[in-house]
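Here chain A shows up in two complexes: once beside chain B, once beside chain C.
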Partner chain A sequence: MTKKLLKTWQKPSITPHQMGTLNKFGRPVSGDYVEKIDGVAVSDLLREYGSPLFVISEKRLRDNIRQMKRAFESRYQPVIHAWSYKTNYLNAVCATLHQEGSWAEVVSAFEYEKARALGVPAERILFNGPHKKRAILERCVTEGARIHIDNLDELYLLDTIAREFDKVTSVTLRLNFDTGYTEDWSRFGFNLGSGAALDAAIRIGNSSHLKLRGLHSHIGTFILDPRAYQVQVEKMCGFMELIEQQTHALIDSIDIGGGFASQNALQGSYLPTEQVVPTMSQYADTICGTLLKMTAQREAQGKPRLKLILESGRAVVDDSEVLISSVVAGKRLPDGRASYVMDAGVNLLFTAFWYNHKVKHTRPLQGIPEETVLYGPLCMNIDIIRQSILLPPLSVGDSLVLSPAGAYNNTQWMQFIEYRPAIVMVHENSLVSVVRRAEKLEDLNGFESLPTHLNGQFKFAE
Partner chain B sequence: MHKYSALLKSASTLFYGYAAILFTENPRIGLLFLLATCWFPNIGLSGLISVLIAMTIAQSLKLRNLTSGLHLYNSLLVGLSLGAHYQLDGRLLLLLFFATALTVFLCVILSERLWLSERLPALSIPFVLVAFIGSFAAQNYGKLDGFLPPAPSYEVLIAAPVDYFFKALGMTFFTPIPMVGLMMFLGILLTSRYLALLAVCGFVVGNTFYALLSGFWYSYLSINSGFNFALTAMALGGIFTVPSWQSFSVAMLGSAFSAVIATAMQTVLLPFGVSMTAMPFLAATLTILAGLNRRYVSTAPQLLLENPALPEVSLERVRLANVRGFGKNALPLAVPFIGEWTVYQGVDGEHTHQAPWQHALDFIMTDEASKSYRTTGEFLQDYYCFGLPVLSPVYGQVSHCVSYLPDHAIGEVDTQNNWGNYVLICVGFQHYVLIAHLQQHSLQVNIGDWVYVGQKIAQCGNTGRSPQPHIHLHVQQTPYLGSPTVEFSLSNVVIERQKNRQFHLTALPVKNDKISAPLADHNLASSLHFPVGKQLYYQFRKNNQAPQTRCFTVILTLNGQFRLQSDCGASVAFIETDKLLAFYDRNTITDVCLDLWLLNMGLTPLMNGALQWHDEPAASLLPLPMLQKGLARFLPFGQRLQCHYQRQSHTETGWLQHAELTYDCFWHKKQTFHAQALILPEQGCTEMSLQIQGDVFEARLQASGHIEDVGIASLKKINHFERMEISNEKLA
Partner chain C sequence: MSEHPLNNFLSLYSDSLKRLALNDSGFVFDPMTGQSFTVNPCGLELLKLMQKQKDVELINHQILAEFDITAEILERDFLEFSEQLRRYLK
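The block that comes next holds the complex of A and B.
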């Protein structure tokens, strides 16, 4: 075996000795490689569905949500997980999570309609976000979805609609405040410190048709210190008691948003992910412990036990999806670094702008790892998947698995220059389904219509 | 109208006095007994006059402690006994008046003294005392004319031994005539079949006992005092204890006692020409009751001195309590954790749960693959339950706790400190709850702290004799570690056993059961809230008959019991907590509409989510066809009704509660019926239906409201009809 391997040809490379320790390039990618995803060979997938290809693991997705629910539900009950559609609104992903009990958290008319079309009852939808036009608000009021009010104009509009339809509507108030651990996210909701939130709560209290039943806040994203959540829960519970005393509101749910970090490496972060990102148990311990303490007397006062709502997206879906991309060409850069042109770039892996994704090859590779740049296929300077990574030499046609790729890529990807590829889901029995087929010219031309006088009669320059 | 109703009330009180002699409450039975006493008008009339005198005295002097009707039947007996010996004339009337007055006063004093000192009922002690006084005194009253009943005919009514029994029974009314005994026996039989059985058995045992020792199978002793044997058996086996084979044995023992006492008294009293009347019955019954009442533990026969009832009624109460898990002396505990856990070792477990520590449960948390850890399970942090919050299962005071012992590695055990870190909570009555193997320094309570149910007290750890992180829970008798354990159960719990998830009011799980505490559903609870004075108006209909409007009202009795009472007087007690609505103790007035409610809502947990549970309401609630209902009423022991409930919750339509009723009786093959109730948010149970052998019973909520009170106007909220139509479609 060893003899046979020694005989194979290796690309020559020149590398300074800097491996084996922590360094700014991370650890070299060697040793382990990904040959199969949930029992299905990567080569088979590429042969069947082409490259590049997004692959979702149904098992991993279910494991993630179950693990998160177990972590929270063993520390506090009742806990509701609302699936943040914007993270990944592929029907297959949403349906899997709804099967696991998750509600839907949407932030636009499009997402709302998508959730309803998928079969989510309106009362299991939380409607968030700063942009809600009259038409969609009317639909939400008639169908009974829970609206998270973002601003005063929305509050007035909603009050008008509820009066017009003569329907008492339960609403949630979105709050923002400083936790001392996170950056200030003051553009969404009503500020606690300035008194805007109390003012809004009193206005809802004075309305005959709006009932304040929930409080919501989202303190940021990729939060690495669980203590931020402790402050969040304390502030929200304190505000709840204040408004329950001052208005007739009876709060039934506290929505702490999302923001749990996934096992992805932020660019510029020095320590490995496993050391930086808290475990789900650590998040749950802090959040549930604080909530139990803050609401200990609530049931004795005859008030309903608070529902804890989580809107975690990234931490649930990110590592359950990967992007497989193949090497189109290799090129040695003038500064000596190796570089490769891949068939997927930031058009598909949008999160490459801020994450250093894990890169794994799909067969054992020979040769010494060297500093490498992975470029995408776009004819644009910014199209870089990894600015710097230690990789052994690759050949044209070699495929790489980029992960985690489940969060925000299938929603923020661009149809720019290239077609968008297929997305497949590997099921728990190792069967594979296409959950979104690859785009074709007809799909894209289908949106367009050509005025008749522009049809043909092209006069090309000689 | 007012006068008429007052008269009716007096008549009913009068009949009640007659019925009370043989422990029944039905005025119609009382009327039957009144007729029976009038076999000899002289006797019957004397009795009736005495009762009327007693009623007048009690009412005009406003005497206390007479609500039970004790003075009525004691006076009646006094009247009957005097009428049996003397001609009813002016002189006897004079004696009747004074004897009755004395009886009434004795009743007032004796009932209170006996209850306060011994928790015993006075029964007919006042009568016996007055009868003795009267008999001895009358021997000096030469002006009284003796009454000699006509010589009894020797025609056999049914058969000699049966007549013999009826004669003895007739002696209760001082009328040893078989026909009178038969009427009385019919009265008992109509009231309670079990009491009738006790009467026959008691007489047979008492008579046999006497016959075996004396050699006389037919004796004057048995005719004159045989009713004592029967009454003793009825009181001991049917009225003051819950029917069981133990109570039956005690009843027979009592009958034999009374036979001995009767024999002895005959010897003593015969020379004086004084009758022993009910003395043997009183001596035997009260002796045995007082003896049983001195026990520390409550085992069979279970005494019912506080609320004596007909055997069928008390048996039903106890049966329902047993079915719902409250029959045993097991301390109900709340689930000491959050989420779904698995029983790792049950009661009498194979590892360490052995006598005297057999009553204990160990809990771990497992995943879909039944593993208790993720990855390899080498480290404590890999275990799902390690570090999870542990809650107090009771309200009590921390009597001792330890928190300094370190959590040891997987596979190690600390046999020096078997229980590891623990919290011991005293709940009183020699019950201490131990929660053990807690995480080092995780305790949030101190010695002397009072803890409430569901309060976080510590975190799950791996200290002491613990092969993997788990929670150990048991109840022990003393505050010392290692003291013997006692029985307990988990309350308000969902148990998943072999893929079948069921809610239990109380249950003792076994190994591998998955346990979780369902959450109270505040919306459901507020939809099914029944404050005093609440009224529900239902449109009730059977098949296609014209619907009738029925009303249920919530009443609060003087002793603090909430009851749901229908407009025809039928009622049922209920208890309402934030987690449960449970009905029990249905009175005997027939009302199909209330029974429809009970079959649908009898036991309703106010919990979240889709739930399944089981209950066994009284089979008499089923509106069976006349013939079957009659048969079922006459043979209450040979039948069983099992209800399997299932509830789906839906925010739009409310809650749909479905009951599968399985009726099993020995004279018919097993039958299954279906009932369904719809509960709407803020409106309550708006629709109920029951299909039974081709008949359909339906009720729809028409309105709900509140009766008026001083300062509070009555309130009636009519339900929206459209809403009902929508929900009806959903139902279909």
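The block that comes next holds the complex of A and C.
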């Protein structure tokens, strides 16, 4: 007796035709799927480490930093890349980049301590940011880290500490100014136009223990027009010449911060990222070309060649990490759209608040793509990881790969309602390491202590 | 025994379902509203069966005989499909 061969079931769906309207959802996600990450099957990763799961590609991370260094060093030398810890301060990520030669750029005592604990020498740490208390400044002065001065109170405190420790301390002055291309980031550093930056440079010049050796500015984030950097370098070099004439300062480095865009898609952006995001060569061309032009006479004047310091974070790490998330439930919304509850939401993918991440499935899916909302697991209305995307019908247990997820998610994520999952790194030999294990109740309760009289004796209503 | 939740839908929307013009490649046309749709193969199979009969048990029986699917998943997917149809066949 032969058994009848049954046909494959697909979740039934019907999609209305819409004509004459712009398609705001972009191309449907179909055909293109991610079965493996650097040679390791997604299904094996989920089976071994559970869902959701962050996965870092060591190879991509190394490729990215090498590509950036090549782009800049082929046009200008010396170039220093300082890894922006706040972008992703997982030890495995930081260590990989330090192996590639990156210094550490930190913005808090915590990040400084993390870098030092990892083995970064203090003189390879740039300490940025607006919040530096006396204790950490004292440590930086004694250990020799480069401090980027953000405000007058910090300047006076640092001067006091340097005198108390009788330690001549090289410092960098953080500047802010309008480039005409970017938002005004005037809350950090000293303003150029108001004269505050010149006043600060003169004050440092009058100090017996502070030596102004560097200038720093960070003109914004996700900067899509390289000409912004041209203005930045011109203004910083102009200011350098001014203060070198007016004070005894001899500048050894220009730090242009970060802000290079990654291949993520900002919400509200209609053009594909490949069309709007400049290549690393385009950024490097503008920055190095301007710097060479502005410093052409410098060596003839007997002054040291400037170190160009980059603090790029997002462009280095973003596309080296993905988040794999699985469908927990599907729900048809009253307006006809498909929706799914995923096991990862804005608690893990914090950047979903401003990016439309790429979404790929992990096996070929049958069915007609339709407008779909992807919700996270939180019992909160704001927990939406994609407001609108064309996806074929999904089933419970199907997994999706959300990317790029390497920048600002593992630092800004929240332990809110759910445990945070494991993060694994796939190495170049396709071996996998857990670089941060999944949270457990004991981890979180370990922070708390319960006063004795609150322990038990609960009186629940009947 | 309570009635199957889909029986109510099949009875209420019987006329609307019957008026739909279907073709085998999944094109659906509603002559009442002028709206056209694309339906996937399993949705098409259900629509064809719903145009012929209002008894959900008979529809289920035929689907289960043809497709590799459990009764539980069929019921869940059929319910969701009916929610979509309710919206489009108003």
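Keep in mind that, in the parts below, the second predicted complex is superposed on the first by the 448 of 462 C-alpha atoms of A that agree within 3 Å, B and C clash if a C-alpha of one lies under 4 Å from a C-alpha of the other, contacts with A are read in each partner's own complex, and residues count from 1 in each chain.
Throughout what follows, a contact is a pair of C-beta atoms (placed from the backbone, for glycine too) under 8 Å apart; a residue touches a chain by one contact, two chains touch by 3 or more.
Just so you know, these numbers come straight off a predicted model, no measurement behind them.
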{"item": "First (chain B), second (chain C), both or neither touched by A:Pro121", "value": "first"}
{"item": "A:Pro364 touches, of chain B and chain C: first, second, both or neither?", "value": "neither"}
{"item": "Touched partner set for A:Gly39, first chain B, second chain C, both or neither", "value": "neither"}
{"item": "Touched partner set for A:Leu292, first chain B, second chain C, both or neither", "value": "first"}
{"item": "Partner chain(s) touched by A:Ser74 [first = chain B, second = chain C, both, neither]", "value": "first"}
{"item": "Touching partner for A:Gly144 - first (chain B), second (chain C), both, neither", "value": "first"}
{"item": "Contacts of A:Gly193 with chain B and chain C, given as first, second, both or neither", "value": "neither"}
{"item": "First, second, both or neither for A:Arg332, with chain B first and chain C second", "value": "second"}
{"item": "Intersection of the chain A residues that touch chain B with those that touch chain C", "value": "none"}
{"item": "Parts of chain C lying in touch with chain A, wherever the complex brings them together", "value": "26, 28, 35-43, 45-47, 65-69, 73-74, 77-78, 80-81, 83-85, 87-88"}
{"item": "Touching residues on chain A, where the partner in the complex is chain C", "value": "4, 6-17, 330, 332, 334-336, 366-368, 393"}
{"item": "Touching residues (chain side chain A, partner chain B) in the complex", "value": "66-67, 70, 73-78, 121, 123, 144, 252, 281, 285, 288-289, 292, 296, 299-300, 303-305"}
{"item": "Of all residues in chain B, those that touch chain A in their complex", "value": "337-340, 365, 367-368, 374, 384-385, 387-389, 452, 455-456, 519-520, 522-523, 578, 608, 651-652"}
